[in-house]
Every structure is written in structure tokens, then in C-alpha cells.
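Okay, so subunit A shows up in both of these, paired with subunit B first and subunit C after.
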Partner chain A sequence: MSKRVGIEVSLGVSEAVKLCNADVVAAYPITPQTHIVEHLSELVANGELDAEFVPVESEHSAMSVCCGSSATGARTYTATSSQGLALMSEIVYIASSMRLPIVMTVADRSLSGPISIWNDHTDAMSIRDCGWIQYFVENGQEAFDAHIMAFKIAEDHRVILPVMVHLDGFILTHMIEPIEFLSQEEVNSFLPEFKPALALNPDKPVTMGPVGVPEIYTEVKKAQEVALKNSKSVILEVWKEFGDKFGRYFNPVETYKIDDAEIALLTMGSFGEPAMLAVDELRKEGEKAGLIKLRLWRPFPIEEFLEATNNLKGLAVVDRAITYGTTGGPVAIEIRNVLYEKKDSIIINDFIAGLAGRDVRINQFKQMYYETKEAVKNGKANEYKFIGVRE
Partner chain B sequence: MKWPIKNINEIKWQDLELGGAITEPGTSKYYKTGDWRSFRPEIDRSGCIKCYFCYVFCPEGAITIREDGFTEINYDYCKGCGICAKECKGKVIKMVEEEV
Partner chain C sequence: MATIEKITAKKLPKEEILSYGHRACQGCGELLSVRLITKAIGPDMIIANATGCLEIVTSSFPDSAWRVPWIHVAFENAAAVASGVESAIKVLKRKGKLPKDRNITVLAFAGDGGTADIGLQALSGALERGHNFVYVCYDNEAYMNTGIQRSSSTPFGASTTTSPAGKKSIGQHTKKKNLPEIAVAHGIPYVATGCPAYPYDLMNKARKAAAIEGPAYLHVFSPCPTGWRTLSDDAIEIGRLAVKTGVFPLYEVENGKYKLNVKSRELIPVEEYLKTQGRFRHLKEEHIKIIQEEVNKNYELLLKKCECFG
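What follows is the complex of A and B.
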């Protein structure tokens, strides 16, 4: 049976990867991801995980090794953060284009400069268009579960795409939380052995990642886009199977008190928890407040998002990154796009908040709610703003 | 996908292998690169000493050794880089401008 243990979330992630029996881990340590790979290297050194741990000289090499090992048919894992993700980004795009089912944890942290080791989503958004399946988790239990599901999704022959699990740096990675572990038997009953759809094999030579001349590049990209869009049905299927088996369900768009809500906050990752508390307080104040927690980022869950926002009059988007020089943060820009057909009926206010680990307090979430309520009353969205900025 | 491909412009995205992979070995021979050439190497065999430097240095593998021991250039693949002429010990390979 499952056992509940108090453990640092990073170590919980490493233990999940161990339970998935990864064959190759190639990683370079970077704050706040370090404990994940440190613990994995211990597990390998202690003989608890029968895997090749490759201590590479950079993240660029980490993802390159991952591509090579995944191409041979080995279950492959890595983790990184911020500058590491930026350094490996060249190969991140190649992994999805070559359809290599690697699983990577990103311990989300702001990009320099100024130099910052603290949490936000600027690294995640810098890699938004890399073609990986990407989802966010909110707490330690979700972080543990997410990785076991990630391998199953990535390696499904209807998918064969890499999966990136976004986990807020420090806020989650360095927190000690109670996590309900699955036993090896339980994981084995859920996650089948990795059977590559196409693998490097001297007996049957293949060329992976050949040149895409102008006459063929567009076709390769179209195939990749269709694969990512089609992956959604498998993601939902795997999440449901996990829930049916172990009792913990993932949804692409998680909601809280949304049924009769008129105005909702929208968060991604760990901010879902304080935002729930804010909604509880708003409800006590008699407000019809709700919360949308966007879990699945790529492929974007368009239908589920439209359904969740169907009865809303206003949406306060909490953006944890900036898209410089345009209309606000990347999440709000995306959501305005998805809601374009309904643009007259939903007021979207965008708030840049929680950059580089700065706390967003319950009363600030409430402030975002009330400002959005005011905007709904005025029938006009406000310009995006930085929450808590001193001016 | 079935090789050789007659016309690349007829391949649909649905026809592609996973990730655009090529699942047959040796398909580069179907891609003739000779028309990239603006200068063609020509061998004057009367002075050739059969050192085979051209054969060894050709980056395209477009030079082969004939039965009589002389080398030969395959103009279907020679891109006209001129390395054979530069390396030739007997200075018997000349780069001649291609006529359009």
C-alpha cells in the first residue's frame, strides 16, 4: 500500500524518477533544481537505481546526451532551471522535433538579469514554443504524481514527444511536504516498459534529425504540430487512468469554486494555493469569486478553458513573466487570444506578479480580484500592471 | 517512405517518418549535388603519379580508383570544392570554370 512520508519535494521527484526506472539521467546541477539530480546521483551510486548517471559539463551537453540516449531507446530523464534551460534551449527544440520522449523537470526560476535564483516563470515562458508537452504542478504530491504520468504520456506511441514538468523553484522544490508514495508494484502496474517507436540500431540504420530543406521543413513542422495537438487526448486518458487507479486526478484546467463565480483569478503552479485562500476570504465577504488553475500549458486546453470560463464576466490573470514591449504577460496574451470570439463578454485584467520569488500576499490576490470587478463594472479592461511595484 | 523519392514536392506531411527520420541507409546517393559546382576539376592523367591524395582528401567521396589505377571524378556528386586540385602532388588537376 501507499505510504505517506514527509520529504523535500525535490527528493520526492527523484524518488518518482527512480520508481519509473529511468535508464539514463544526464544533468548539470543548478539552483533550485540541484537536490533533484543530487539525490538521483546518490540513488544510482548506491545501486538503488540501475541507471547511467552522466555528470555532463553543461546543460547544453545534458540535453544532447538525453537526445542520444533517448534515441537508442533508453528511458531518459533530466532536470534544469533558468539559465540552464536557456543554455540547453537549442537542443530542447531539437528533442521535440526528433520526437524523443524525454522527461524533464524545470524547477522554475527567473532568468537573469538581474541575477536571480528565485522563483517565477520567466524561464518557462522563454521556452514556450519549444514543442514539448508542458504542464505545471501546484504542490509536492502533484510533483511526485506528475513525473510518473509524464513518462507514460511521453512514451505512448500515439504521442512520442518529450514532456516538461514545471515545478516552482524553492516554493516547491525546497519545501518539506507530506507525499503519498506509490510502491514499485503500483508504478509497474501503471507504467509499462519503454518500447521506442523508432530507435538507433546498427542492424537497421536510421537517420534521425536530417536536414530539412525548404521543400520538406514545412511538412516536418506540420507533422510535429499535429502530434502535439493530438497528444491532448492521450494526456487526458493517462491522467484519468492514474486517477482511477490511485485516486488523485489531474485536469488540464483545474477550477476552484468556479460554478457560480462571476470573476475569477487565474494562476499557474504553486500560486494556486494562496489564491484559493484569497477566494475563500472573498467568498466570506460575499463575493462570487472563483479560481482557474491552468495546469496544461502545451498543448493548450482550448475547449476545457472555454468551458471553465463560460459563465465568467471577468478574469484576473496572474502573469509571472513579462513579454516586453507589448500588451502584458504571456499568459494573458494567450488567454485573450483563446477568448477572442468572446472578447465582449469577458474582461481580462493582467497582473505581472511574483517576479523573482517576491511574495504575493492574500490581500494582493484580493486586490486583483476587486480591480477586475471594478473593470467589469466599467465595461473596460485595465492596462496590465505590476503588482506591488514601488513607484 | 519509399526510396528513391521521385519528387520531393509530392511528399505530404502524413507520409513522413517519425520526426522526419530517414529509415533507409545510404539514401544520400539519391541526392545529386553536382549542380552546386561552379568549377569542375579535370585530371591530366599523363602527369598523374597515382599518389591518391585526391582520392583520400575528397570530402564527398566523389573520387574513385579505376581498374587501371588512375583516379576518376564522379561529377554527379563533385561540388567543385577544389581540394583535390590543391592537394594533387603532380599538380595535374586543374579547376575549370563551368559553362552555363
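What follows is the complex of A and C.
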């Protein structure tokens, strides 16, 4: 039976991982991921989750342990954030190239320096090209659901890729929210047992992680790219199955009041909720405002994104990271690329906002909207700008 | 611990785990060590290998020299990957997904760079957490795979490509890091040194390390003809000289108890060992004297440990 409980989102994530019956959890503590792994170690200590909790000495080893255990055929989970993600990034890239279906939560937090424990997407963007399936969630319920779907997607034999669930640090991890839990029976009926395509087993020896000479490296990388691109159909299939079963649907590109919108805001993660409020206010002011919430980040949902932006004249991209020394934030750069064919009909303005937990208020979202409206009127996009920065 | 059958000339396991046809240099001491160790433990094993010579010469896709499951992830994390493999085996056995009575040895292989330098943290973490695995450091005293650069396991006076001997340098000017003692400091059940020049000693230690519950650390002296600038048929001779001069004594520490495995009534002068290798060719009498004094000091200390904690 489903039950609705008020719970800290981090604990909700741990409970989801427990319901997925993870075999191995390897983690190193880093704010704001700590509550997730603390609660998991508690669940293991109390015998509520039959798993090996490996309290490693670094995030680099966390991901390395995950590689070893996943390769041996154990359902494997870890969580990290910011510097931890940066430290383990070497192995993050290897995990996907070795096709190890690990699930990792990233409690998104800014990268040093200066050192900051607060939320933005600078960590997420630093490993943008790591080859994992990556998606963002907006609230506690999505965080809970996302993990149950993540294992199913990762372990599907048509996919066999690791999945990274991005969860905004503090803004989500430390909030107490109502979450509708699934029962063990419900999760079992949705998520099959992990059956690895290949595992390290002396009965059937396999060599994993060999040298890729120039004659083979390109083919391996092409195969990995094809696998990631092909994973989209399975992601959509799993999200639909989850929705049909439990009534909560995920879409790669979520939209809000987009149908007749002329100008839309674009957010990722928890910023979707205040942006919705901003859209509501703008609508009251008579504006044809809408919102696009990009959930699926890798593989990038090109078709769905083109469809969502079909009738738009302007798009205000809210970037929560910087790409130093070029034309703006990483999301806007990508969006301009995806919308290149429509460059004459849609103006893309880029706003770098909410770095290191800096609040972005409703009126600032509205400001981004109105500036984009002005740019549409002028027929020319503005240069990217930092929102709320003191100069 | 189960009774361990001792390996002798008559009871030599026939099965080879490491296939011939790999791409190691002629006369490589490291590959010989690995061949003997894996042979001694037998095929019920999973290997986690650090980046390095061993990984490169045995796994050039689509070829593989491994007849057992083998994984390579990166340079500094063999101990962590092995931790993951071991944890998976443990939980899968508990959940009935692997036979409970199956005794799969988890073996980590890394060179001295992957152990003493870049992999030291991962090793320390894995030893401290008490995973049931065998970590083998094949020590050829420099980064041979990248072209003979010094590591913290390179001995005093050796000329390498990043500690070259020159007008103002005798080459490596620091002392070799004592890795077996670092392993001992973790209070693990078994630490041993080995050398392929003493194959039965090495194989029996490998077998013991695999049988012992908990972490075991083997530090294996692996002569490298290419990096040490010796003839390709010198590895065994040099290994024997390293032991007989006291440069690399063979001993084991079982639950804190020290035991010298190969005893010499009198140590041969270190010069006999040094002069076999091009990497020490530039050393003068005064340097050899320093090395001799250091070897004597270390050897005496080891004898005292065997006496006091034997």
C-alpha cells in the first residue's frame, strides 16, 4: 500500500534505494549528500537493508568500489556532491565506458573555489560529458520516484549504463516534504532482480577494462555514444510504465503553460517550482509566459525539446553554472546548438543565476522574462548576464 | 584457516592462469611473479589490476592473457576495485546468488608506483576496512611502464629518467619507502615479502595469503631488465643477490609475528648486487658505503623484530 509521509528528501532517497534492495553501497561523506548515506548505513546497521555498506576513504574509492561491485554482479549505489564528484570524476568516466549500471545521486553543490557548500549546478556541468544517463528532479516525490526508475533503466539489457540522479543540495536534500512511498511489493512488481549481462565470475572468465589501442578506441566510443542515444527509448518506456502503474509520470522535457506561450523560462532541477510561480504572476499580468523544465539532460531529448519550443519567440535560459571565457552558461550553449535551425525565429537569452545557493526570487525570474521579451522586440539576443550580482 | 597444502617441486600446480603470448619484455621478473602467484592460488579467483606494465602487456584488446575474471579500472584504485569485488561476493553469497561454500580469492595487482605513491590511500583504506583479499605489489622500483621514472620505492642511488645521475646528483637521493611495514602498521593478519628467484617461498606465501581470512599484503621484488639495465636472463640471479645481500630480505608477519624465511649466515656485500645493474653503475665507493650501512641497519632491525616478535 502506498503511504504518504512527511520526510526529509534525503531520507526519502535512502528509503527508495532500500526498496530497490541495493546490494552494495559505497560512499564517502560530503555535505549536502550526508543524510542520504547516513540513513542508508543506519538501514544496513538495523538489518532493514541487506547490503554491504563500504565506508570508503575517498570519493575516488567510492566510485572504484562501485565499479568492482557492479562488475561482480551486485546492484550498486553511491551518492556524492561537488568536490566529491570532481575527485571521483576520473572513475565516473570509466564506469560508463565499462557499461556498469551503477546508480548515483548527486546532491548538486557548487565547486570550489571559493569553497561553498551551497547549491548550484557547477558540479553537474563539470562531468557533463561523462557518458552517464543524467536527469534532474524538482521535488521530494520526484527524487523518490527517480531512483526506483534509475535502477530499472540502468540495468535494462538494452541500456547497461550508469544513471546519475541530480538533486539540488539543501534546497531539496534538506527539505521535509510529503512523499508518497511505494510498498516493497509495488517496487518488486516494477523493478526486476538485477541480472548482469556480464559479471566477474571464475566459472566464466571475462576480461574487463582492457587496453584500447588506436584500432579499437574509436569503435568503443562510437558504441558507447550509440548506447547512450538508444537509451532514450528505454528511459521513456520505463517512465511511462512507472506512470501507468503508480500514476506519476516523468517527461524528458516538462512544460508549464507552454501551449500558447511566446516566451518561456528554462530551468533545471528545483528552480522549476519558483519559476512556475513567476509564470503564474506573469500570466496575471497578461503575458504569454511559459516554462520549460529540462529533466533529461543526457541523452539530450532533442525531439521533445524542439517540440516544446515550437511556438516560442523567446527563451530565457536559467544557467546555474558558468562556462568560463565563452558565450555564457553550459545549458544555453547547448540549447543554442539544438535550436540552431530555428535561430531566426527564436531569441535565446542566457542568465547565470543562483550560484552557490544564492536565492533567485520570483521577481528576478520575471525580470529574465521581461528582458527576453525586450530582446525579442529588438530582434537580437542580449549578451549573457549574471542575475543579482553586485558589481 | 583451512589447512594449506604446501607447494613443492613434486606438488607444483600444473594449471597456468596467466597465458603465454603476452607482451612483456624478455626476462621480466614481474610477469614471472604474477605467473607463480596465480598458479599457486588456482583458478577460483577474481583479479583487480591497476594500470601499469602488467595491465598493458596482458590485455591489449581483443587479446587477453587472463584465464580468470580480470578487471582493470584505473591506476590508483586496484585496492578499492578489489574492495568492491569482495563486497559484492560477500553480499551475493549472503543472498544466495553465489554458492555460500565457494571460496573465491580476490586478488589485487599493482606496481610500486600504483602502491607506494598514487594508490597508497586506496590501499590503506582497503586494509583498514578489513576486506578479505590479497594485495600484491610487484615492486620493480620505478614507473617502468611510462619509461623508468622514479617512485618512492626507487632505492637510494638508482638512476632513473626523473632521478638521473649527473654531475650534481647521484640519482635517487631518497630512501626506499618501506611498504611492507606500512601494511604491518594496519594490523592486518598477513604481510609477506617475496621474490620470484625463490619460487616456492613466493608460491607458498601466495597460497597462505589467499587462505587467510582478511586482508593480506604481498610485496614482491620483481627485477626489471629494461629499467634496471641488466641482461634479460639476469632476473633470477639479481633476485637471489638482493636477498643474499640483505637488500631485500624475505620475511613474513603473521598476526604480528615476524619470521625471516631465507636466512643467511653472513650477508654478501651489497656491491655484488649493485654492480649487476646499469642503474647503479655511476655509484662511487662512498655511495656504496652509505647503501651498505643502510642495508646493515635495516637487516639488524628486522632480525631484532624476528627475535622480539617471533
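Throughout what follows, the second predicted complex is superposed on the first by the 391 of 391 C-alpha atoms of A that agree within 3 Å, B and C clash if a C-alpha of one lies under 4 Å from a C-alpha of the other, contacts with A are read in each partner's own complex, and residues count from 1 in each chain.
The rule is short, and it goes like this: a residue touches a chain if its C-beta (ideal position, glycine included) is under 8 Å from a C-beta of that chain, and two chains touch if they have at least 3 such contacts.
Everything quoted here is computed from the prediction, not taken from an experiment.
Superimposing the complexes on subunit A yields a three-chain arrangement in which subunit B and subunit C clash.
Of the two partner chains placed by superposition, subunit B and subunit C are both touched by A:98. When the two structures are aligned on the shared chain, A:226 is found in touch with subunit B, with no touch to subunit C. Legend: residue contacts after superposition of the two complexes on their common chain; A:68 is shown touching subunit C, with no touch to subunit B. By the touch criterion defined above, A:160 lies against subunit B but remains apart from subunit C after alignment on the C-alpha atoms of chain A. In the overlay built on the shared chain, the residue A:202 is in contact with subunit C alone; subunit B does not reach it.
Set against each other, subunit B and subunit C touch different numbers of residues in subunit A, with C touching more. When the shared chain is aligned, no partner comes close enough to touch A:285: not subunit B, not subunit C.
Of the two partner chains placed around the shared chain by superposition, subunit B and subunit C are both touched by A:213. In the superposition on chain A, contact of A:58 is made with subunit C only, not with subunit B. Residues common to the contacts of subunit A with subunit B and with subunit C across the two structures: 98, 204-210, 212-213, 216. On subunit A, the positions that touch subunit B within their shared complex are 97-100, 160, 197-198, 204-210, 212-213, 215-216, 218-220, 222-224, 226. By the touch rule above, subunit A contacts subunit C in their complex via residues 23-24, 26, 50-52, 54-58, 60-61, 64-74, 76, 90-91, 94, 98, 200-202, 204-213, 216.
The touching residues of subunit B, when paired with subunit A in their complex, are 8-9, 11-23, 25, 27. Here subunit C touches subunit A in the complex through residues 43-46, 48, 55-56, 59-62, 64, 66-74, 76-77, 79-92, 94-95, 97-98, 104, 121-122, 124-126, 128-129, going by the rule given at the top.
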